[in-house]
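Dumping the structure here so I can ask a few things about it.
Each chain gets a letter, A, B, C and D, in the order it is written, and its residues are counted from 1.
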């Protein structure tokens, strides 16, 4: 299929990334099409789109993972391209192929490239061929029920179990002892199957105290590939990134050039076009191992956009239209420092338990060099069906110290009423001396950092006072016969009482 | 007085600029103090500050222009510095002197510099001395009641009347015929007196079809001065800027160097330190006249911050603390293009009439390279006592075309319910071919642009449908005996009806 | 259910009926199929036939303020029964005939009254100056005529909609 | 006026009296002088003694959700009279003694039940796995004991707070 100008783009995703993609499409004058599950009928990405089509019930397997329905919607409405966002079908080679078969441009790499490097096992083989070091481990996906205990012993504990498809930490498990292997394998397969529709996993040696450094690469269909510098993603918990930065304090110009060249070599080895990310483990001595390639836009792409002055979604669209890359390597030197905090609906005070609920109030940070990418709005709700990441807050500064202070300032402006979020975690982390010095590794949050010491009784007092005064105000605002809907709770006990009280006055 | 580290900063201003200044102060770890009039007790700038002190009743003359009360508040709370923002006391040399006398750092130039160049008449003399061309006119402020008709005839009509103090178009009048001179002089004096506490004005030749180009300069107390490139501010109405950009399509590298050098020369001539802006008229043939210098931060400083990767408020604070400039001239080459739309509470469909009212709903634009600087929030109100500018929306792009498309996209995301704003004006202007080509001058909006053709009946229909459905929803939400406060209007006629209706159901 | 809406001088009567997935809305001539995101919050998604809008809508005193593509529309919204009652009540004369009223378009301070009773004015000629939002606004004659009444006094604060002068 | 608040296991009774410029609030031991920005909207300025806070506050079902420095606090708020009534009503036994209930901390899907009735568990040992927000969450025993009841079934959706298992 020949590349062609995109006039109508279907975004096969939801929440902040769907909104993000539509923003760029709109700036390009491209008409936008949303798809949605029943849980998202009034979601921001639906509201933003020019057209919107229902896919199915809330579970992703019945909606956002239904490639057939998505392609049918694209055909029906005349969309000439599909942007998959991240997650869901974004790294699914079969879906990319189905798009091509249906005559719809897939905004992403070719099915062949995805096949060749998107799968972690294939990626290791590509890396070996290209002479890029990888972490010792199983070079193929483990079969269902296969006994891996001997291999694990050979690799040496701790070992890491990873889903062969997908990313984002889902389906990942660190196993430190032989007797925990089987249960973890079972759970990892379950998570991987639920998230990506593919339960196959593989295992490798777990490197202690490494940094997670990734390189953003970009290729076009004319054989050009550039890198857009590294991102530092070592602040993670259960393999979920929480904070991302660009550049990394651990990468100097020399290492950047070396790792960047490696990244470009790997991308070229699979004729890569579009946006992709190569993940590396970086050891304190500067040696690095290639881990895997994400053949899509990353959650954390805004930090790269801020230090390079780019719009990666627009570049994805241009490449998908057959254009050459809009940059040369020399245009992409990093300027300043950017840092992103993922705002997830998780309560850091109850072991990061995921939260669902209504967004009753929302004050968004803004101001100089501050970016808010979100898929929530006041009056909406966080559903339990999808990822708990609800927004990203990204700040830029002339250096890392300024970027961190700006992010603290912006986090302090952010108020989300209705659902506990990671905001207090981020505020606590950004004040941590070790973090501020850049002295951390991928295990830092789980092993060396704690939320203790953040509990402040005077805050609870102030909160109680606010609750009492607000309750009082609402009562006084409804001086009529019945408190009605204006301020009183809805349970029958409350209502009865409210009526009684009101009638007595 | 010796410069010293600032630990607590009083911001002697309100609304978006007070919020803007506090953001930078907070990022620097400086404690922030707000001052407020009775109209602003719950305003965002008050809510954001660490401490807040009341000045007086709503009129600016009794609150934000009361330098004595502001300095007393600073002394009382132990603030070691005052940031004046723009407008109000920001260009008042006497106030700067009073700060110095009280031992409080004034974040701005010295009283002497303000005196020497902030006053428009003095500025012309400084320029003449420095060999910089100015527009022909009166070299001194006109006396109260002075007959200027002979002079105006000599200069040649049209002439421009300008307030000797202040800026922002207040007190400015273009007079095209001799018989209109007297009335305009009277009105300009009245406006100037109300806005700046100084009714003196002067007159000069009114240049036809010029561009308004201004240069941001910055000096420190060690004699260093740099410029941060030009801003294009020709899109104005009644001398109020509506859209600002950086850089200007009319300024190439050669002209930028020449005008920048001129700007630095003038700033050095008055030993300028801190942020300042030199305004020029640029004629189509590339000749330029110096108009005046604004000895403060400008409303439109964010476009400069976006193309240079700077934080001008932080630099102001650093200079006030006695530090050297954080940049060399070579660090300040422009990157990409930035454009700002002033969101004012004015109705472009009723001759830009100023509007007051409550902010009932607010959806803020965000996303890549998009900045929102505002002094409003949902639940707040626009008061009639102050300037009608309520927010600024600023976008950056790799080039002007991208910046414009991004601003259109962001403006389309912005929803302000409760008060008509300039949003439809901006959307209409940004789609205008002449604007997109960069083909405009300071008279463009008033003489060549019109809001006609924007009236779209299908929008009115959709609006009516939304109003009817929302009214219906609110009625149905209050099925009790009394609609209470939950959804029904407050007038007695409405209430009677609501009761009647409700009782009947 | 029927609703009467007033927008400026335009009056509109809309009937609203529920239908599968939304509402059928009609003004008697045109019928629209509408989906309406009826959550709380001031900004909603509204789909009118196949066109999606992001619409701001909130009650503002006696009116509804609706924002669409940046444009603010103000509606008086009543159910049609009440509208009839109101029409009866409001039968107390009006601004018909050759009379033109100058009313304050915004709350402000009268800083200058340029014309007096008996003065002849041309259309567009300034009658008085109203300071608001720190700007001086000339209030001009909507048509030519003679000033028959001047209510405004220099130095007086006026509310939005307050009568300033009458031209006949 | 008195208000009873419940935050987790903490109970607090606050008296609120108006005073010049604001409110005097007391819990019987400490008295605070409070200014409260009582406009509508979910985020307010609250000044407690001399400390200014920007506080998010909204009703959420039966509770008030209050957000301060990013931290969410949930309060049950009642006036004190009603609190007493409620206390009487709620005298219907409870979770006293050696009984520990495992309840779903979030709505989700039970994907694996690891223990059955009669199993002994150690403190912190996983009892079942609950999938929510695309993550598998192990629900662990809050203390050592014997499983006496298992309500959860693999494959079943559960609501927040739903009883999953009981340990004695």
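Criterion: a residue touches a chain if its C-beta (ideal position, glycine included) is under 8 Å from a C-beta of that chain, and two chains touch if they have at least 3 such contacts.
Given the structure is predicted, the values throughout are model-derived calculations rather than measurements.
Undergrad: Give me the step distance from chain C to chain D, shortest route via touching chains only.
TA: 2
Undergrad: What is the chain whose Cα centre is as far as it gets from that of chain B?
TA: Most distant chain from chain B: D.
Undergrad: Please work out which of B-D and A-D is bridged by more C-beta pairs in contact, and write that pair.
TA: A-D
Undergrad: Per the centroid of Cα atoms for each chain, what is the distance between chain A and chain C, given in Å?
TA: Computed from C-alpha means, the inter-chain centre distance equals 47 Å.
Undergrad: With chain centres defined as C-alpha means, what is the inter-centre distance between chain A and chain B in Å?
TA: 38
Undergrad: Where the CA atoms of chain A average out and where those of chain D average out, how many Å apart are those spots?
TA: Roughly 29 Å, centre to centre.
Undergrad: Would you give the residues of chain B that are in contact with at least 2 other chains, written as numbers and ranges?
TA: 48, 363, 377-378, 412
Undergrad: Please list all residues of chain C that touch 2 or more other chains.
TA: Answer for chain C, listing residues that touch two or more other chains: 41, 43-44, 54.
Undergrad: Show which residues of chain A lie in contact with chain B when the two form their complex.
TA: For chain A paired with chain B, touching residues are 19-20, 23-24, 26-29, 48, 302, 305, 309-311, 326, 335-336, 363-364, 366-374, 377-378, 396, 398, 402, 405-406, 408-409, 412-413, 477-478, 480-486.
Undergrad: Which of the residues in chain A come into contact with chain D in the complex?
TA: Touching chain D: residues 170, 187, 190-191, 194-195, 238, 345-347, 349-350, 353-358, 360-363, 378, 384, 386-388, 411-412, 414-421, 423-424, 426-427, 454, 456, 458-474, 487, 489-491, 493-494, 497, 501 of chain A.
Undergrad: Which residues of chain D touch chain B in their complex?
TA: 37, 39-41, 43-45, 50, 52, 54
Undergrad: With touch defined as at the start, can you tell me which chain B residues reach chain D in the complex?
TA: Residues 41-42, 46-52, 377-380.
Undergrad: What residues of chain C sit close enough to touch chain B in their complex?
TA: Residues 1, 3, 5, 7, 10, 12, 14, 16, 23, 25, 30, 32, 34, 36, 38, 41-44, 46, 48, 51, 53-62, 64-73, 75, 77-79, 82, 85-86, 89, 105-108, 111-112, 129, 131-137, 160.
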